[in-house]
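Note that chain A is present in both complexes that follow, paired respectively with chain B and with chain C.
Up next, the complex of A and B:
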């Protein structure tokens, strides 16, 4: 009897590390880039074959274009994006004091449009918003991610972490079940990555277009047969913030290419 | 629509050079339906051409099975300094052009 008990105890101990795998230590964090094949990597590395750069070019044109009833361009306040926007995307989602909550880069662009350009907000996943945020985030390429360092953002990082750990949908899976516990394995033919949001907005070959992190999160949620949160909802922003804080220290890659 | 062109800025006379082009286009196949069952009309690039100092050196016809934002790469021999002109023509009167120059030594 005691032998069986010992075996059971030993089995529990052996299983424990797998069950408690949890968060990825900082030195084991890897961009989705490292999970890709050589062809897709080459596509991302060459700016003349990376289709995301087409959107960056469009964003550059929008940056300089006067819009709204204030007849102002982004460049009229922010000047040359290469210096003024460098490192900005690596800090987003960032805590907004006036609103008392974190906001994403897309939301910041639309707040700027409302407050300073007196222009209508750009729709989520629309070409113009993706192009502008790709152009802004591209200026941070190579900059280490620091989002979530702001002490005021901490409760929201924690909220995002809880959502990341929470099982949901008909398949009853949490983000962590794949992206913390089972990365480097395969889901059907596709490698499971760590889900590090280093290159958004990114060009996904499956989408044949650029897409935001929120679009990616929503498609994972449909994947586990859960009801996806709406674009811009506090839950998605919190998740985005947690993911960025989880990728702390990794370099921005925008616009990345992913399969 | 923006295009990304990669032509080497300099080449030796007689050298074989690679030209890479990437352009922005949705390449809607014309076979898909919307959620309410309506056919999404075809909207693709149908033809691409490249001219080197006025003479056509490459031409391609494109079809509905080609991915969005078509990427085309091809080779030519660098004969003289000058200009490459690229043209994409498509459905609904779509037309887009780009150019790049090369110095041949």
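Up next, the complex of A and C:
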């Protein structure tokens, strides 16, 4: 959007906080929620009609369930998630010192399973992993996003930014072409949002299930007819991290509802 | 507990106007995808905002030079690969000669432009009362036949970046110099020469 670009350029000129040309200034950032119709918003707002809340409830049960050969539940180490998990998802992907790279919430859950529960990893996009990550992320609903602030994460944020700017696929389009330059417009009649990651995992009516941010990103990649990156690949994690840092200050909404 | 694969496989086909990106890839399941992505190797280095891939990034020679180059390479190199494109010559700001040697079919062109898989309608709108699902990322196609000659329309479809290096409009008749093209699409142009000619014939009828 040329208006935002002009504003961004002006902000750069004023030597205000460093903002790269073309990026959406903080006060113009909006969740996908603000692009939706009243019905979808109402469905997200009311916990009794939000289909994502079923997954949150399932996640709550899994949180308390002993599993793996260690016979431990998440709750045995972390206690009451309402306090111990509050704000955690707003910081993810987070830099893991042992691995020396950022990891997603899904990867953190599977690391806990491997290291502390001695349980097999849960498959990506499987119901249990979605339920657990929805439950954990739900504890951050309303918390402002701060992921990417960790100085050690910076090179990975930058890698994600480059991937966001890179044209790819047979249609030769970059994420930025739609989500920085053309939000508020329509692609085949459907609104294009800023591509903010605030509500994940979220319930998409079109999917008829909850889905992860990685699933969404892979859909956009297939949309431009590019080879989608593998679930959990360093590239997807970096993109996720960039999106979260790009959403800095926006509130978490998990589980959101989208058309 | 049901695995992701089962659920994903059960998804209904996307509705018109929705389903951006869904259903395009044949592989939604993480387990299936893994081998594939590993085989694909690492990311190509990204460099700058919405940058074209390397072939595009080089400064463009003037169109006349390109035409001369194409003409020369036509004379020199016999076709080798199966997916090789039909040769064409750029003259001025267009491609005057039909890619197939004969005129296209405007009725088929209309159907193509309206088909979501052709992708025009994702971005463009036009005088198509029967579909609500039109885009507004690009100019309305109404009157395109007044504004452009057949020759210009052909070059626009073949490689819109000749008109505007930063354009978001894909090059429909190009099969190289792109980044991470999906396996099902690699090495192929988006449209065939016949389809390009049909669409050119249809666009030429859009007069007002």
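One rule holds for everything that comes next: the second predicted complex is superposed on the first by the 238 of 259 C-alpha atoms of A that agree within 3 Å, B and C clash if a C-alpha of one lies under 4 Å from a C-alpha of the other, contacts with A are read in each partner's own complex, and residues count from 1 in each chain.
Assume contacts are C-beta pairs under 8 Å (C-beta built on N, C-alpha and C of every residue); 3 or more make two chains touch, one makes a residue touch a chain.
Just so we're clear, the structure is a prediction, and the values are computed from it rather than from any experiment.
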item	value
Chain B or chain C, by number of chain A residues touched	C
Partner chain in contact with A:124 - chain B first, chain C second, else both or neither	second
Touched partner set for A:173, first chain B, second chain C, both or neither	second
Which superposed partner A:209 touches (first chain B, second chain C, both, neither)	both
Which superposed partner A:51 touches (first chain B, second chain C, both, neither)	first
Partner chain(s) touched by A:223 [first = chain B, second = chain C, both, neither]	second
Partner chain in contact with A:163 - chain B first, chain C second, else both or neither	second
First (chain B), second (chain C), both or neither touched by A:190	second
Contacts of A:182 with chain B and chain C, given as first, second, both or neither	second
First, second, both or neither for A:235, with chain B first and chain C second	second
Doubly contacted chain A residues - partners chain C and chain B	208-209
In the complex with chain B, residue positions of chain A that touch it	46-49, 51, 53-55, 57-58, 61, 205, 208-209
Chain A partner contacts - residues on chain B that touch it in the complex	2-6, 20, 22-24, 26-27, 67-69, 71
Chain C to chain A touching residues, read off their complex	1-4, 7-8, 11-12, 14-22, 24-25, 28-31, 33-34, 36-38, 40, 43-53, 116, 119, 121-123, 132-137, 168, 170-171, 178-186, 188, 190
Interface residues, chain A side, partner chain C - complex	21-22, 123-128, 162-163, 165-174, 176-178, 181-182, 185-190, 192, 206-209, 215, 218-233, 235, 259
